[in-house]
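One chain, chain A, appears in both complexes that follow, with chain B as partner in the first and chain C in the second.
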Partner chain A sequence: MKRFRSYLLIAPTAALIFLFIVLPYVTVLIMSFRAPADGQPYGEGFSLGGYAQFFGQAYYAWSLPQTILLGMATTLICLVLGYPIALHIATASRKWRGLLYGIVLSPLLIGIVVRSYGWTILLGNSGVINATLRNLGVIDRPLPLMYNNFGVILALAHVFLPFMVLPLLSALQSMDPAIAQAARSLGARRFTIFRRVTFPVSMPGVQAGCILVFVLAISSYVTPALVGGMRVKTTTLLVVDALIDQFQWPFGSAMALVLAVSAGLIVLIFARLTRMKWT
Partner chain B sequence: MQIATPVLALFRVCIYAFLLAPIVVVVLASFNAGNFLTFPPQGLSLRWFWTFLQNDVFLDAIAYSAILAAASTAVSLVIGTMAALYFVRHAGREAETVRVGVLLPLILPEILTAIALLFFFYEIGIGTEHKIALFTGHVLMTLPFVFLNVTTSLQGRDDSVELAARTLGASRYTAFRRITLPLIAPGLATGAVFAFIISFDTFGVSFILKGTGSAPLPIQLYDYLRFNFTPEAAAVSTVSILLTLVLVTAADLLFGRKA
Partner chain C sequence: MTEVSLRALQKLYGKTLALKGISLDVAHGEFVSLLGPSGCGKSTTLKCIAGFEEVSDGRICFDNKDISRKLPEDRDIGMVFQSYALFPHMTVAQNLAFGLEMRRLSKSVIAERVAKAMEMVQLTPYADRFPKALSGGQQQRVALARALVIEPAILLLDEPLANLDAKLRNEMRGFIRDLQKRVGITTIYVTHDQDEAMTMSDRVVVMFDGEIAQAATPEEVYDRPASERVARFVGNANILELPVMAVRDRAAGGFDLTLPGGTPLHLAAPAPWANGALRVMARPEQISLTDPGFGQLGGRVAKRYFSGGHVEYTIDTDCGPLLVLGPTTQAVHEGDAVGLTFDASRLWPMAPESGAKP
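Entry: the complex of A and B
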C-alpha cells in the first residue's frame, strides 16, 4: 500500500514522458518507413523511399557530413574557449565567482532568437564589425562574416558555450586543490601540472560538455537559419523544410533519423576514443 | 611562464566579452534613431520602443507567450515537484532510470521532439489547431528545470523534521504542507522562474507546433527578422531581456538568501 502510494507521485510524469516522448519518437520511426505521396503528408503502405531519396540526391546526402563537421568545429571552439573560463571560475575567490558564473549563464536566460539576432547585428555587411573596420580604413569592402560557415560556427559556439562550461566547472570543482599543490611542491611546472593532473581529473567534464554541445549544435535550427541566411544548409534545416514547407513526412523523418543515428555513432566513437566511463 | 599569465588573462577577458557582446549589441541597437540598423547609430531615440508599443502583433505575442509560460509552469511545477519527491525519497534502485526519464526532454534535441509530437498529435487525430500540442510541448520543455531545482532543494534537507511532525500526530498531508513545502520553497521558486523563462524563450516546440493564428513571441520575432531590418526587433528583444532580468532579480531578492 505504501509502495503504491509513492508510485502516485511519479505516475503523472511517467505518463507524460511515455505518451508524449516515447510514443511520438516511435511514431517518427514508423513514419520514416511510410510511403511518400503527393499532395498529402504520406501515402498507403510502407517503403524505403524516404531513405533512398536522402542518400540518392547529393544535395541532401552531402548536408550530413557538412553538418557533422559544423558540429565538430563548434564543439572544438567551445572547448578551447570554455576551458580557461571554467578553470578561472573554479579557482576564483568567492566574491568574483558569483559574478563570473552570472556572465557565463546570462546567455542561457536570453532567448535563442535574440542571441542569434545579436550576431547578425555584429556580423552583417553593414554590421558593427564591418562598419568599424571600414570607418578605421582597414577594409574597403565588407568582410564576408555572415551567411557562411564562419558566422554560423561563431554564433553556435556562443549559443552553446554555457553547456560546455557547466560540466567542466562541476568536474574541476570536485578536484582537491591539494593534489595540484603536491605536484607543485614536488617540482612540477605549471604546464606539467595541467597536463598530468588538472586535465585528466576534468576529463568527465570535457566528455559531457563535448557530447552536449555537439548534439545541440547539429540539431539547432534558429542560429543557422538567421546567421546563415538559408545559405548554410544543415541537415536539420533540410528536415524542417521537408516536413513543414514541402509536407514530405516520410522523407523528413528518414533524414532526421539518419542524422540522429550518425550523431549517436559519433558520440559512441568519441566515448570509446576518450575511454569514457558511463555512469 | 611569466609571459603566459597576462596573455591568458587577456584571452579570458576576450571570452567574457564574446559572451556578452551579442546581448549588449541588441540592447544598444534598440536606441538607434535611424531607419535601419546602422553602426555607428544615427543618434539616440526611443522611437522604436514607441513603434513597438503601437504594434499589436508583438504585444499580442508577448501576452500569448506569458499566458503559455504561466500555464505550462503551473503544470510542470506540480508534477515536477511530485517526481522530485519520488526521486529523492522513494526511487531507490530505479533512481537513475527516473532521473534520465524525467530529463529526456532536455537531453533529446528539441526540434526532433517537436517533430515527433507533431506526428503524434496528427496520428491521434488532434493536430495542432487546438493548441494542446503546443501546450504539451511547453510542459515537456519546462519539466526538467522544475525537477532539477526541486531535487537539489530536497537533497539539501533531511526528512527527520517531517518524520517528527508525523510522530506528533500530523497527517501526511499536513506534514507536507506545513513542514516540507516551506523548506523547499526556494527550490520551487527557482524552478518556477526557470520554467517560465524557458517556456517564454523556447523556439523549437513553438515553431513546429504553433498551428495557425497567434504565435508565441520568439516565433513572431523570427518571422519578422527574416524580412525586416528595422531596430524595432531590437526594441522587442530589449523588452524581452528586461522582463527576464526583472523576473530573475525578483526571485533572487525574495528567495536568493534562503536558497
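Entry: the complex of A and C
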C-alpha cells in the first residue's frame, strides 16, 4: 500500500512523459516505416523507403557524421571554455559569485532567434568584424566567418555554455575544500592538484555537462539554420525540411529516429568510457 | 621529530586581530593540544603552522629554521582534517600512495610503505575500497595513515574526532595517542573538547580570544588553572570568595581563610595578590558530603543527578550553589541537609583577571 502511494506521486510526471515523449516517439517510429507517396504525406502500406533514402544518398547520409562532429566540437569547446569559468565562480567570494552567475546565464535570457541573428550581424561578410578589419586595411576579402561550421560551432558554444558551466559548478562546489588542502599538505602543486584531484573529483559534472551540451547541439535547429544559412547541413535541418517543406513524413521520421538512436548510442558510449566506480 | 616554535604569531583578518601574538614551543615528539571555544584562534594557529594561512607578523620555525614564508607543499607536514578530506576517487591504497608519489619514490618503495601504513592502522583488508564504502572510524584511520605514511616532520590534526559518535571517539583517542607515541612524531592537535585534550596530550594550550591563556600539562591546567576562565573551561569549577583571616606566606603559600559560619579553611597554595579576600576554586570531586552538622560548611541538596559512575549534586550553601560529585553508595536525596568537607590540599586561588572579561 505504501509502495502504491509513492507511485502515485510520480504519476503526473509519468503521464506527461507518456503523453508527450513515449507516444510521439511511437508515432514517429510507425511513421518512419510507412510507404512514401507523391502529393500526400505518406501512402498506403509499409516500407523501408525512408531509411533507404537516407542511407542510400550521400547527401543525406553524410549529414549524420557532420552533425555528430559538430556536436562533439561544440561540447569540447564548451568544456574547455566552461571549466575555467566554473572553477573561478566556485572559488569566488559571495559578492562576485552572483554577478558571475548572471553573466554565465545571460545567453539564455535572449531569445534564440534574436541571438542567432545577432551572430549574423557580427560574423556576416559585411558584418561588424569583417567591416572593421577591411576598414583597417587588414584584409581585402571578407573572412569566411559564417555560413560554415566555424560560425555555427561558435554560435552554438555561446548558447550552450551555461549548460556546461552549471553542472561543473555544482560538482566543484560540492567538493570539500579541505581535499585540495590535503593534497597540498602531501606535497602536490597547483597543476598536479588539478590533474590528479580537482578534475577527477568533478567528473560527474563533466559528464553531465558534456551530455547536455552534446544532445542540445545536435538537435538544435534555429542557430544552424540562421548562422549556417542552410549551407551547413545538419540532420536536424534535413528532418525539418523533409517534414515541413518536402512533405515526406516517412523519410523525415526515419531521419529523426536515426539521429536519436545515434545520439543515444554516443551518450551511452561516453557514459561508459567516463564511468566512475567511486560514486 | 621536529621541534616547532611559534614566535609572537599575529594574524589579521581585515581589521580584526585573530591571533594576538602566539608564542609556543613544542618539543621533539611532544603531543600538544590547542584547546579553546570556537573563534579562539586555535584553528587559525594550526592553519598558520600548516601554511594555509599566511601569518601577518611573527615567525614559525621547524627545528630553528624559519618556514613562515614557505608554501604548505614545501613544509613537510602531515595533516588530518575534520572532514578527513580523503580523495573520493581513489582507493585506500591510492590515497596513501599519493603523498609518496609526490615525493617521486620508486613504485616498490611506495608499495612497501603503503602496505606498512595500512597494517599500522589495521586497514589492510580495505586496500581496494573507495572511501565511500568505509565507516567514519575507518575513514579517520585512512586519513591518519595518509598523513603519517609520508613520514612528515610534524603531524597536525584539526578536530579529527568531531564527526564521530561518542563511543568511537573514545576508542580513537586511545588509538591516535598510542600511534603517536609509537611513531614518536611531534604533534599539534586542535580541539574544543577538554576531555579529549586532557586524555591525549602531553601539554594543553588553552586559548581565548586569540591569546594563550595557559600552556601546561593536563594535570596542571585542571588543578592549577591560570585564571577563572580557564578553570571554568576545563571542567566544572566551584569558585568561593572567602575572607583572608591570616597570611603566613604570600609567595610560598599559606593562608587562613574562613568559611561562612566561621569554620577556618587553610589554603596552602601561593597567591601573591591576596588582599582581604581570595577567590578559590574547588573542583566538584574535591568536595565530599557528610552528615548535616559535620564538615566545614552546611548546605541543602537542591538537585541530584545519577550518572552511572557517580552522582552529581547541586548544593545550596551560604557561598552560593556548589557542584559536588559523590559516590553512588551514599543515600542522599533532594531536600536533605548535608555537611560539606573540602580537600584543602587541592584548593587553588584564582588570579584576578587582567582586563576582566565576563
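A few comments on the model shown:
The rule is simple: the second predicted complex is superposed on the first by the 258 of 279 C-alpha atoms of A that agree within 3 Å, B and C clash if a C-alpha of one lies under 4 Å from a C-alpha of the other, contacts with A are read in each partner's own complex, and residues count from 1 in each chain.
Rule of thumb we're sticking to: a contact is a pair of C-beta atoms (placed from the backbone, for glycine too) under 8 Å apart; a residue touches a chain by one contact, two chains touch by 3 or more.
Because the structure is predicted, anything quoted here is derived from the model rather than measured.
Contact with chain C, but none with chain B, is seen for A:Ala183 once the two complexes are overlaid on the shared chain.
Residue contacts after overlaying the shared chain place A:Thr192 against chain C, while chain B stays out of touching range.
Of the two partner chains placed by superposition, only chain B is touched by A:Val28; chain C is not. In the superposed three-chain model, the partner touching more residues of chain A is B, compared with the other of chain B and chain C.
By the touch criterion stated above, A:Ala52 is placed in contact with neither chain B nor chain C.
Touch criterion not met for A:Leu268: it reaches neither chain B nor chain C. Of the two partner chains, chain C is the only one touched by A:Met203; chain B is not. In the superposition on chain A, contact of A:Leu16 is made with chain B only, not with chain C.
With both structures placed on the common chain, the touch criterion links A:Ile244 to chain B but leaves chain C unconnected. In the superposition on chain A, chain A positions 189 are in contact with chain B in one complex as well as with chain C in the other. Per the touch definition, chain B reaches chain A in the complex via residues 1, 8, 11-12, 15-16, 18-23, 25-26, 29, 36-40, 78-80, 82-83, 85-87, 89-91, 98, 101-102, 104-105, 108-113, 115-120, 122-123, 136, 139-140, 143, 147, 197, 200-204, 207-208, 217-218, 221-222, 225-226, 233-234, 237, 240-241, 244, 248.
In the complex of the two chains, the chain A residues touching chain B come out as 6-10, 12-14, 16-17, 20-21, 23-25, 27-28, 31, 41, 81, 84-85, 88, 100, 103-104, 106-107, 109-115, 117-122, 124, 126-128, 131-132, 135, 155, 158, 161, 189-191, 215-216, 219-222, 225-226, 236, 239-240, 243-244, 249, 252-253, 256, 260. The part of chain A that touches chain C in the complex is made up of residues 176, 178-179, 181-189, 192, 196-197, 200-201, 203, 276-279.
Across the complex, chain A is touched by residues 50-52, 71-75, 77-79, 81-83, 85-90, 98-99, 102-103, 130-132, 146-147, 150, 156 of chain C.
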